[in-house]
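Pasting a structure here, questions to come.
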Amino acid sequence: DDIKVGMITTLSGGGAGLGIDARDGFLLALQMAGADNIEVVVEDDGQRPELAVQIADRMIQNDQVNILTGIIFSNLAMAVVPSAVQQDIIYLSNNAGPSALAGAQCHENYFNVAWQNDNLHEAAGSYANEAGYENVFIMAPNYPAGTDALTGFKRFFDGNVVNEIYTQVGQSDYANEISQIRDSGADAVFFFLPGGMGISFMRQYDQSEIDVPVIGPGFSFSQDILAAVGPGALGVINTSQWNKDLDNEANVAFVAAFQEEYGRLPSLYASQAFDTANLIISAAAKADIADLEAFRAALKEADFDSTRGDFRFGNNNHPIQTIYVREVVEEDGVLTNRIIGTALEDHQDAYAADCSME
Amino acid sequence: MTMNRETIVNISLALLLLAIPLIALQLNSPFYVTLATRMAILALAAVGLNLALGLGGMVSFGHAAYFGVGGYVAGILAHHAFSGLPLDFGLFQVPGTNMMPIIWVVAILVSGLLALFIGAISIRTSGVYFIMITLAFAQMTYYFANSWPAYGGEDGLSIFVRNQFPGVNTLRPLTYFFICYAILLAALVLFAAIRDSRFGAALQAARQNEVRVATVGINANRIRLAAFVISGMITGLAGALYADLNRFVSPSMLSWHMSGEFIVLIILGGVARLYGPVAGAMLFVMFEFLLGGMTDRWQFFLGLVLLGVVLLARGGLVGWLAGRARHG
Amino acid sequence: MAEPILDIRQLSKSFGALKATDGVDLDLVPGEIHALIGPNGAGKSTLINQIAGTLRPDTGTIRFLGQVINDLKVPERARLGLGRSFQISSLAPEFSALRNVMLAVQSVQGSSFRFFKPVMRDASLIAPAMEVLERVGLAERARIPVAELSHGERRQLEIAIALALGSRAFLLDEPMAGMGPEGSKTLTGFLDKLREEAPILLVEHDMDAVFALADRITVLVYGRVIASGKVEDIRKDPEVRKAYLGDEQ
Amino acid sequence: MSIALLLEQILNGLQLGVMLFLMAAGLTLIFGVMGLINLAHGSLYMVGAFACATVAAWTGSFWLGLVASLVAAAAAGAIVEMTVIRRLYDRDHLDQVLATFALILIFSEGTRWVFGSLPLYLNIPDLLRGTIPLPGGGRYQIYRIAIIAVGVAVAVGLWLLIARTRLGMRIRAGESDREMIAALGIDIRTLYTVVFAIGAALAGLAGAMVGALQSVQVGMGEPVLILAFVVIVIGGIGSIKGALVGAVLVGLIDTMGRFLLPRAFSVFMDPSEASLIGSAIASMLIYMFMALVLAFRPRGLFATAK
Amino acid sequence: MSLLQVSAIEARYGPVQALFGVDLDVSEGEVVALMGRNGMGKTTTIRAILGLTPVSSGTVRFAGREIGTMASHRIARLGIGLVPEGRRCFPNLTVEENLLAAARKGRWSRTAVEELFPRLRERRDQYAHSLSGGEQQMLAIGRALMTNPTLLVLDEATEGLAPVIRHDIWNVIRKLKDEGQSILIVDKTLSELLPAADRCFVLEKGVTVWSGLPGELTPELQDRYLGV
C-alpha cells in the first residue's frame, strides 16, 4: 500500500527557519529516491501546541495518514505524540527528543531519528572535561528542554559549576547574564539557547568583549543561524551528531543535492529530516504499512544510509550514535562548522533503562 | 407567540452548530466533528467573557487565565488518576480523577477562586487600567505555568485517555460534541437569565453609569465582582472541556493571544448579544480552518478580515443579522 | 421648629489653599424647601457632594435622621434615604426611563443579587416604577431610552429616581438648569408638592423659582454662610444683594 | 558579589528602562493623549528595526539605517493613522483592541512575507563599539550608555513639547474633546496624524537601537509591547513623567529580580533549584509590582487630571 | 450685508431628523436671538452652522463663502467663535491653557479676558475640571473670545450663572454689540435676551416659524412659541 505521511512543522513565526529546513530536507530525500509510493501532506503549526494538536487530529481523522513527523519543538511534540501513537499512528521524530518519551513513556510507535534532548549537552559536558575546564558557568532557558540541557551537561561534566542560570523563554537581552559571567571568574561558559535567543546572546557576548570561551550544543551554531550570529561565533566549540563535512557517501550526496536544489548550505535540521525520510523509505521497502507490526520491525532495523554514518536504534527507539565536536570557521566568506574531534562515541541516552521495551 | 428577529437568528445559529457534525459524519469527514466541538468550547469560553465584558463593561484581557486554569485542573486530575499518585497538599492528599463531572466542578471552583482574587484587586480600576491589570495577572499565571516544572512547564501535560462521563463513551467524537454542546446551551440559558434579572440590570447599569448606580444605593463593585467570578467560572469550565478535546494542556492556553482571541470572538459575533460568542466562535474557527488550508499567510488575511469587521460591520454578526440590541 | 432631618455642623473642606467649605452650619426640617444660593464657585456643589458622600469633609459633622453619617459611603447614604440629582444629569443612557427607575426600586427592595427572575416580567418592580413616572409626568415616555430623552425630561427622570428611592430628603443641584420657561413652571409646581413628602435642599440660580418655592434661604459666599433666614429678609439683605443678586433685583 | 557587578546591573536596569521608555512614551502619547489603545505599537518598533537593518546592510552605515528607521516608522505610523486609526477615536476600547490586534497580524505576517522568517542582523556602529571601564573593575558597553543618553534626551524633549508648547495644549485638549477643539479652529485630524507619527518614530528608534543588540525578527515587538503597557499603567496613562519613572522602575526591578532572587534563594536551597525557582518568580515580578501599584493607586503613580 | 446666511437647512442625527428647514441670517454688527422651546433645534442649528452636524440639504454662507460642507476647523477659522451648550471646557487643561490653546491674534488677549472675568485670573493654574459650573461658563466665553471671532455664537451662555454674573455677561454682550461685534445668541431668559437683540428667529420642531424684531414678539406669540 501507499504510505501517507503527515508532516506537521513550524513554517511561520520565530522558529520557521528550522521547520523550513526540515521540510526541505525531508522532501529532498523523497525526491532523490523517487519514492512515489509515499505521499506527504505538510502543514504549518505556527509553533502553537493547540494548532499542532488540531492538525494532527485532522490528518488522522480526515486524511488518514499512517505516519506523522516534522515537529520541531519539544512542547509541540509532547502535545501531539502521546495521543497519536495510541491511535496506532507511527510518529518519527526528526528533531525533538523530550526525556519523558525516551524513558517510562516510551512507545513502540514512537521513533526518534534525531537525538534525545540531553545528548548534545552531555557531549558538551564531556568535551569540557577534555578541554580541561574546571569552572564553568552554565545557562539555559527556564523550560523543560532547558533543565534537561543543564542536567545533561552536568551528568558528564566533572568540574565545578560556578553559576547555573535559568533565563526566560524568548528572552532577547542578556546584559544581565553577561554581567554575571564577567564577574564569575569562570574559565568557560556553556549555554543552551535555541533559535533567536542564542543569536542575541552570542552577539551581545561578542560586543561585551569578554574573553571567556563559549561551548554550546550544535543547535546554537547550526547553519541557519550562523550568519545572523556573525563573526562573534568564530572559533566557538559546539557539539553535534552531524556536520556537512562528515565524510560518508550519503552525506556527500545529501550536501551536494541540497545546495543544488535550494541554493544554501544544509543545516542539522535538514540532515535529520533527510534521514527520517530515508528511514521510512527503507522500511517501506521491507514491509507493508498495513502490517503495522512488520513495519515497526523494519523501522527498528534502521537499515538506511544515514548522513551521520553509523546509525542504530536503542531499545527505546532512540538513536545510539557518535557525537562530534565542531568549531565555527569561515569558508569562502561564509560562516560554517568543521569537525575537530569526537565527544562521545556510540552514545545512548540516559533514559533508555527506564523504558520497558526490548 | 411571535418571535423577534434576534430569536430567529439565535435558533438558527444553534441549529447550524448542531448540524455541522451530523453533516460531517454523513460526508465521512469526522474531523469536522472535532472542529464543531472546538467551536462549541470556544463559544462557551466567550459566553463567560461576554458576561463580564458585554454586560458588565469589564474588558478583561486576561480571561485566558481562567481558561488555562480550568484546563490544568482537568490535566492535573487526569494525570494523577493515570499515575495513581494523589495530589499532595502537604497537610492532606487528594486523589486524581478521570470523571468529567467531578473535574468540571473542581475547574469551576478553582477558576472562580482565581477570578475572585484577581477581580477583587482589578475591579477597583477601570478603563484601560482594567484591561492592563487583567492582562498582567494572566501573564503571571502564564509565566508561572511556564516555569513550574511539576506539571511539564512549557511542555505541558498530556491526558492520555480522554476523561470519562458516566454512561457514555467520550472517546467517540460525536458524543463528546454533544456533551460540549449541551453545556454551551446551558451556559446560554444562564447568561440570558442573568442578563434579564435584577442582578443583570444592576450590572448593565453599572457599565453605563457607575455614579448613578451608587446613588441609587447599589454597590456597583460587589455586583461587578460577582459577575466577574461567574464569568471566570464559565470560562474555566470551557478550559476543562478544551483540555479534554485536545487531550493536552499547556501554558499556551494561558497566553495573551488566547485572551485576545476571546475578545475577537465576542466582537466578531456581537458584544453583549446572547449568541454573539456562538456566532463569533463559528466564524473564527471556520476562518482559521479555511484560510489556514488555503495559505500559510492566513494570519495576514485573518488580520484584514478582522480589521474589516471592526471598521465596517459594527455590532458583529448578530448585530448585522438581527439589528441593534434593545433594552426594554 | 421641628427636629431637623439633616443637620450639618461646622463643615469644612479645602482644596489646597482654597477653602471651598468653611465652617458651614445648615439644617433641613420636615416639610420645607431650603434654598442654597450663592455666587458661582461659592461651594454649593461641594457642599452637596459632601452631604451625598462623593467628597469627604475635612472637619465637621453631617447628621442625618439623628445618625452621624460622615463615614458612610455613597450607596449607604442613598439607602438611608438621601436622594440627589446632579448638576449635569447622570443616568444609564441605554436603559429606558422605566428601567432607570426600576433600578432604584430594586435597590430599595434590597435585592440586587437575584439571578433568575426576569425584571421585565416582575410586577413588584414595574408597578412602583410606573407609579413614580406617572407622578413626574413621564409615564408616556417610560419606554424611551434615556439617550433619546430631552434635557428637561432627564431632569424629571432624576427626580423620579430619587422619589422611587423613597428618599427622606432631597439634594437637588440646579434642577432648573437648561429648562425652558414651560419646564421650569412644571417643575416648580412639582417641587412645591414634593416638599410634603420630604424636605428639599435646593441649589438654584433661577431666582424666580427660588423665591417662589423656598421657605428658607441660606447664602454661601466663598464657602461661608453670609446670611440665612426667611425669603423676604434675604431678599433685602444688602450684603446678599451685593454678592449675589445684583442691584436691580 | 562585587560592587562592580552591582553597578553594572544598575546600568543594565537603567538601559532596559530607558529602552522601555522610548516605547512607552509613544504609547502613552497615543494612548493617553488620543485615548487610543494601540496594540500595534510593537509592530512599529519592528518596522524601525527592519528598516534600520535593511538600510544599514545596503549602505553599510548604521547612521543612515537609524534615519531610515525614524522615517519608515513615522511613515508607517502616519499611513496607519490615516487609513485605520482615525476611524477608531470615537470607538470604545474594545474596538480599538481588536483593530490594532488585527494590525499586528497584518504587520507581522506582511513583514515575514517580505523579509522571510530568518532574523536579520545589524551591527553596532564603529563609533560606539567597545566597552569602558567602570569603577570597581567592571566594564560597560559604550553602546548601551549611548542608549541611556538618547532616552534621557527624548524624555526631556517630549515633556517640554507636551507641557510647555501650544502644540502640547492642543493635543491634550483634543484628547478630552475632539469636536470642541475643531470647533475652535484647530485642525485636530492633521495634528493627530503628526502625533501618531511622532509616537511611531520613537518606537522605530527604539527598535533600531535594540536591533543592534539583539536580532531583528518578526514578532520582536510583542514582548516589549506588553512591558511598555505595564510601564505606562504603573506610571499613569498619559503622563510622560509617569512613563519615565515607570520605565526605570520596571527596568530596575526586572534586572535586579532576575539577578538577585536566585542568589537569595540559594541561601537556603540547592543552587540549581534556587536558580529555577528564583528565575520563575523573577519572570512574574514586574507583574506583581504592577498589581501592587494598581491595588493602591488604581490610576497609576502619576495619573493625569481627568 | 449679511454675514451669515442660513437657508432651508435640514440636518439629522443618524436616523433622527432634527432640522426640517431652518432659515436665519445675521448681518454685520447685529445681535440675533435664536429662540424656541426645549428640543426644537436651536443647538442643532448652531452645530450645523459650525459643521459639527452635517447639513443634509440647504445652504450655509458665511462672509460670502459657502461653508455647508467645510470641515469644522476651517469654518471656525473664517471667524466663528462658539460657546457651546454645556460649556465643554477642556478638563485636563488649566484655565490659562484653555484660553491659549486655540487663541488667535486680535483685540481679545488673555489680559483682556481676565479683566472681563477676574475670577479666571484667580483660577489661572487650576484644571478646568475642578472649576465650579459658573466658572466653567466664564471660561467657555473667554475661550471663544480669545479666537477673536467676527461672529460670536453663544448657546445658553448664561445657564447656571449667578444673577450678578449674568448681569455682567449681558453687560459684556451689550458692550460687544456696541463695538460692532456680530452675535448669534440662544438663551432662555427672555427678559434679558429681548432687550439685547436686534432681531429674533423662532424655531419650532426644526423649522423657522417666526422672525422679526424683538418688539414684535407679543405676549401671545411668546406664549404660543416659547410657552411663557
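A few notes on this one:
Should a chain be cited, it is by its letter among A, B, C, D and E, assigned in written order, with residues numbered from 1 in that chain.
One rule holds in what follows: contacts are C-beta pairs under 8 Å (C-beta built on N, C-alpha and C of every residue); 3 or more make two chains touch, one makes a residue touch a chain.
Not measured: the values here are computed from a predicted model.
Path length between subunit B and subunit D in the touching-chain graph (shortest route): 1.
Looking at subunit B and subunit C, no chain is in contact with each of them.
Chain centres here are C-alpha means, and the one lying farthest from subunit C is A.
Taking the mean of C-alpha positions as each chain's centre, the chain lying farthest from the centre of subunit E is A.
Rounded to whole angstrom units, the spacing between the C-alpha centres of subunit A and subunit B is 36. With centres defined as mean CA coordinates, subunit C is found 75 Å away from subunit A. Remark: subunit B and subunit E have CA centroids separated by 52 Å (rounded to whole angstrom).
Touching of two or more other chains is recorded for no residue of subunit C. In subunit D, the residues that reach two or more other chains under the touch definition are 109, 276, 279-280, 283.
Shared interface positions of subunit B, defined as residues touching 2 or more other chains, are 143, 146-147, 149, 299. Every pair of chains meeting the touch criterion is listed here: A-B, A-D, B-C, B-D, C-E, D-E. Note for the complex: subunit A touches subunit D at residues 11-14, 16-17, 20, 142, 147, 150, 161, 164-168, 170, 172-173, 175-176, 179-180, 182-183, 196, 199-200, 203-204, 207-209, 224-225, 227-230. Taken together, the subunit D residues at the contact with subunit A in this complex read 1-2, 4-5, 8-9, 12, 15-16, 109, 112, 117-121, 123-124, 129-131, 138-139, 141, 143-144, 210, 213-215, 217-220, 223, 255, 258-259, 262, 271-272, 275-276, 279-280, 283.
On the subunit C side of its complex with subunit E, the touching residues are 15, 37-43, 45, 87-88, 148, 150-152, 174, 177-183, 185, 205, 207, 243-246, 248-249. Note for the complex: subunit A touches subunit B at residues 11-12, 44, 46, 48-50, 53-54, 57-58, 61-62, 74-75, 78-79, 82-83, 86, 98, 100, 142-145, 147, 166, 168-169. Of all residues in subunit B, only 29-31, 34, 38, 143, 146-147, 149, 152-156, 158, 160-161, 173, 246-248, 250, 252-253, 292, 296, 299 touch subunit A in the complex they form.
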